[in-house]
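Just so it is clear, A, B, C and D label the chains in written order, and each chain counts residues from 1 on its own.
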Amino acid sequence: MSDSIISTDDLSVHFPLKGPLFGEQPVVRAVEGVSVDIGKGSFYGLVGESGSGKTTFGRALLRAAPITRGSAIYNDGEVKYDLPTMNKQALTDYRKRAQLIFQDPYAALSPRMTVRDIIAEPLEVMGLTKTREETDERVREIAAKCRINLEHLRRFPHAFSGGQRQRISIARALVSKPNFIVADESVAALDVSIQADVLNLLKSIQKDMGLTFLFISHDLSVVAHTCDHVAVMYLGRLVETAPTRELFTNPRHPYTKALLSAIPSLDPDNPGNPLKLEGEIPSPTNPPPGCKFQTRCRYAIDLCRKEEPKLDKLGAEHDVACHRWRELADNPQISAA
Amino acid sequence: MSTPLISVKDLTLSFRTDEGLVKAVDHVSFDIAPGEVMGLVGESGSGKSVTAKSLMLLNPDNAVYDPKSSITLNVDDQSIDVFSLKKPKEQMVIRGGAISMIFQEPMASFAPAISIGDQMVEQLMIHSTMTQSRAKEISIEMLTRVGIPDPAQRFSQYAFEFSGGMRQRAMVAMALSTKPKLLIADEPTTALDVTIQAQVIDLMKDLVKEFHMAILFITHDLGVIAQTADQVAVMYLGKLIEKGSVRQVLRNPQHPYTRGLLDALPRLDDLDTPLKPVAGDIPSPLDRPPGCVFHTRCPVSLGSECETIIPEFITNKDGQQVACLLAEKDAQKEEAEA
Amino acid sequence: MQFFRFAITRAFLAMITLIMVSLIVFSLMELVPGDCAERYLAFKSSQGGAITIADIDAERVRLGLDRPYLVRWGSWIFNAFQGEFGNSCILRVNIAQLLGDKFWISLWICLASLFVAYLIAIPVGIISATSKSPWANNSLRFVSYLGLALPNFLLALMIMLFSTVYFGDTLTGLFSKEFRDAAWSYERVMDFLSRAWLPVFILAWSATAFAIQTVRALMSDEVGKLYVTAAAARGVSGRRLLWRYPARHSLGPIINSLGFDLNRIFNELPIVALILTLTEAGSLLIEALALSNDQQLAGAIIFMLTASIVAINFVTDIILALTDPRVRRSILG
Amino acid sequence: MTNTTTNGDVNVDQKRKEAYFTAGQGQLIWARFKKQTAAMVGAGILIVLILAGIFAPFLTPYDPTIDGRNKDYVYGAPNVPKFCDDNGCSFRPFVYTFNRTRSIATNFRWVTEVDKDARRYLTFLPEGDKYKFLGMNFTTHLFGVDTGKIHLFGTDSTGKDIFSRTFHAINTSLAVGTIGVFIAFVLALIIGGISGYYGGWIDSALQMMTDTVRTIPAIPLFMALAAFMPDTWSSETRFLFISMILGFVGWPTLARRVRTHLLTERNQEYVLAAQLCGASAGHVIRRHLLPSFTSYIIVDLIISFPYMVLSETALSFIGLGLKDPVNSLGVMLQNVTDPDVLLNYQWHFIPVLFFITLVLAFVFVGDGLRDAADPYADTKK
């Protein structure tokens, strides 16, 4: 697709583990063969439980995690970079165009720098502004956009609550005027009453500045409300991807279905769909053979235990990686063979 | 109404800190009936955990309870004043006897170098006169009951050898092994993945029925509350601001904070309504607003009245209680009209 | 089997450490101006004999000092592992024989001090970490700091002088005169014990101060952990809560640091020995190290001290692996 | 009226809060440090002692070496200045003149007779022994007496003024400690820094090395080395050599701490944020790593300082460290080993008190700083 700002093909990230001195070295296959296209200007959601590899995938796109295999192309219309092979100069330029918003607003801000210095740091490092006045102006501009009280710029982070800190963190990510932002669980640490505020801020900024977001979250309801396209990951693999509404009304992968049904409903009289998962996500050092979800899947058959399913197109933008999605779609009452 | 299992009255508690006394819980009162699941909802800093720990006198040493606070526990036709329990022997009833507690982080709440089984047996033997082998039998039974595979082998393992979900199951097994009348669950599912959370909630629901115990379920997640609780109490900055049955509170919230919380929550069954955040930030516990604690963020604040008058609880005809001046005025108006 | 492999690996690592240590010690002794041959002949000349360069060279060849550096180190370390350190430069006697019991007595005195230090420090540290009274806390802190500020050689001196003045006995030495050269017997042991308490006490003095700080810091950390609250919530209380939970869990790091605590005591041994004139123990050390410039003897002593620290570290590693399930599982899988 | 006052209060409160909100690391540490009484007292004493050490040549009346001795007042007791006696009072404090004799009748001990009629009045800023300060020669001292000599802490076996010696000894001990700490710190920073910043196999190798060095009992080893110090070395060379030895004893522990700080700090999210902006290693070190651990390093330095002083004292005490004319607290402590001193000339213990005070002050300040050094610990949830 030409209008993708990021497109990956078979992207894998493996981390070596400290193992015995001799013999086979254990490897964590955090991300394995993930292919996605993130459309320019989209709010792309990436969902998964802990250990699904979603954070690593996001970092790999920012070249903060080593890409072991596969390709990842960044193309914003102005420049085009092949992420795994780009040179130092290209990387420096890429840093201006792609940024990260962290999860923990407490850990992400240096307690020893004033808010102004924190937001100005990317400008200084990247050499985007020439004079201090210019830097200050840029900082004030972005701070206003993120609804940070300008009088607070000389304060230190310890003066702020979680929501305010997260806004500072957002301002820092935006100050270099990037095109692509990875927001890694950026509202997970916030209270519900603050969370909506930050989500709305992200949405409005995305519209204003025409950004593309990769929004990583474990919370399906948050994703449902903010993203226009969602990818579901399980144990380093992509299991299903579709436009948000399509995914939430018509989930195809048994894991997506289970994930959706696991969200407790706000209606006390509606206990929800009883499709509950047994067991827990296996360790990425020692993944099961075949389909990675087979150990917890009630529909798993021999084929699932032997062969890993490939992503199957079932609509223009809806892909699913399951051997049995057709059968299951035809007959939802099907039982495990 | 029958006698409540536990009755908390005017619980007020401050912490002695470098900055002086910091009020964490302010005149909190609620009852829990036997076999009832009470959901205590609140955001960070609302004092919900501190309230729960008060029931077991587990707050750290710098906690100062207001002398007017009272907690009464009614078990076996006996009425126990919790604050009068001074000696460890007397406190046994609220610590693992009639009340048990499970915590948010199952990993941190098991001693790392003592096997899960040893910790379970220890608790059973403290609270009864049974033999060690009997205690072990019961422990393994409990582990089986909460759905831990290979319980006999798991019995001698350590917390770090369990997965997150298994640890929380083991925690539940341990808490229930002494057959308490009240289980305090402090954010028991927050650290878990959704699919595991669903498993643990199911398990707890089953066990409530089976053991006929009451639960004080503390969480910030209204969805979890909707699926587990009978009664709900909402806390904000150390104050209880609304309580009632789970259906009343979630379907017909009276307090502007509860309403705001529900509006701010992204819901899967309604993707079109935009999220409405509660304006402003949660004030630091160091500077609690005077008057109604919520007035700094309240969209319907009455101005100076809300800034000075601390609202009292009023009860509507369905038994739903709310502490809000606006609701009070509306009620008075209705009364006058009637 | 797994455990056996672990023990072997650890032993192997300990050996490597010891070899590295020996290289450092040996090199430093080499760096010192003058060698054994010069030193002995200088000593001889001071006794009145005339010496020439040729004499020194002949002596060098006799002692094997003309061989290359690494070869000499190799043969030194090879012999050292067999407990053979050659002859003393000046005294001209076999070092192993010269040290004999003396080294072991010193080692036992140090170990006894370490034991005493923790015997006091564990309860005191626990009390000071868990006590609610600020008064008790502050005074314990002050006392333990005094243990640092009043160096033990000064303490030794004061005790000694005090006893000289008031009891007429200097309390020095490890044996009374009549037992100094006697063979080991029941009486000699008793005599030894009646005098050994003083060096043990004095060496334990600042070791205790250090140990209290360690125990206190570890306990304060552990007491605040959630599992302690959780245990209290289950009805565990009093001493049982304290010992079975935080105290047990802070034991690991304490065991881990024992080797380095012993090192600190070794650092103080020579000075204390000098004051208490413990000729049987550490003062031989001083004599060899400081007074007679005997590099062969000095090297041997330092090597043996280090070897005992390495040995302690090895033992604590094994103990830790046996007592801490986390370590145990990571070895045994 | 009442309203304005409350408004004023609110403003003051607001200002106080804003001051806290805009307070940097140093200010926060100071604010926390100030609250600890013991540490503040320790800091006060420490500053006084350090100043006393630095300005010792001026503050004390005599040369501390053999040149400044008082031949006529060997083993002399302290002179306590008085304002009043039987002969009346005086605005100027005075001491008495002593006449000392010894003969077979007195068992060859010095016997002192006080001549209460011969007062020696204290004078301020008198000219006296020559000393060098900041490279210049001075002869003015803070105080003295108009005739004869004054010995506030008495004199030692050769008649040297213990008061002067004590203050100079503080100076020397602090200087040895400072150089020792400095050497240890430079080594620690290089080795711990490389280890912590690069990690991986470099870290493992350096850790192995550090641990090996840590297993060698340092003092016996350096005693052995010190023993080979030629007697011909000048006192300055000895001084440098001892400082270096102390530095080499101290570095492994410090290096471990530096490494741990670096490792934890390097993995902070805000460091990653800077790296994701393309920040160079230099920028990360300058803006994040250094500011984050300078406070810890200062704490570590202060905590290790008393051990340097203690080790120096120990070495000097057994005669392997500093020797006259350089005198340190260790040299001073050596004097009290003599039973004769304990029985007859107890004023030799005065330097011991100074020594204990100095070490205690360091320990308390170090402790207070350690508690204050991480002002952000409780803001992290």
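Criterion: a residue touches a chain if its C-beta (ideal position, glycine included) is under 8 Å from a C-beta of that chain, and two chains touch if they have at least 3 such contacts.
This one's a predicted model, so the numbers in the text were calculated from it and none came from an experiment.
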Intersection of the contact lists for chain A and chain C | B, D
Which of A-D and A-B has more C-beta contact pairs | A-B
Give, as an integer number of Å, the spacing between the C-alpha centres of chain B and chain A.
-> 33
Averaging C-alpha coordinates per chain, one finds the centres of chain A and chain D separated by a number of Å equal to 56
When the C-alpha atoms of chain C and chain D are each averaged to a single point, how far apart are the two points in Å?
-> 28
Residues in chain B with touches to at least two other chains are numbered none
Listed in rising order, chain D residues that touch 2 or more other chains are none
At least two other chains touched by the same residue of chain C: list those residues.
-> none
Residue ranges of chain D touching chain C (in the complex, touch as defined) = 38, 208-209, 211-221, 223-228, 230, 306, 310, 313-314, 317-320, 333, 336-337, 339, 342-343, 352, 355-356, 359-360, 363-364
State the interface residues of chain A toward chain D in the complex, per the touch definition above.
-> 62, 64, 91-92, 95-96, 99-100, 102, 104, 106-114, 118, 121-122, 125-126, 152, 154-159, 172, 176
Please name which positions on chain A make contact with chain B in the complex.
-> 49-50, 161-164, 191-197, 199-200, 218-222, 224-226, 244-245, 248, 258-269, 271-272, 276-278, 280-281
Contact footprint of chain D on chain C as seen in their complex | 17, 20-21, 24-25, 28-29, 32-34, 138, 145-146, 148-151, 153-154, 157, 161, 164-165, 259-260, 263, 266-271, 274-275, 285-286, 288-291, 293, 295, 298-299, 301-302, 305-306, 309-310, 313
Report the residues of chain B in contact with chain C in the complex, numbered from low to high.
-> 56, 58, 61, 88-89, 91-92, 95-97, 100-101, 103, 105, 108-115, 119, 122-123, 126-127, 158, 160-161, 174
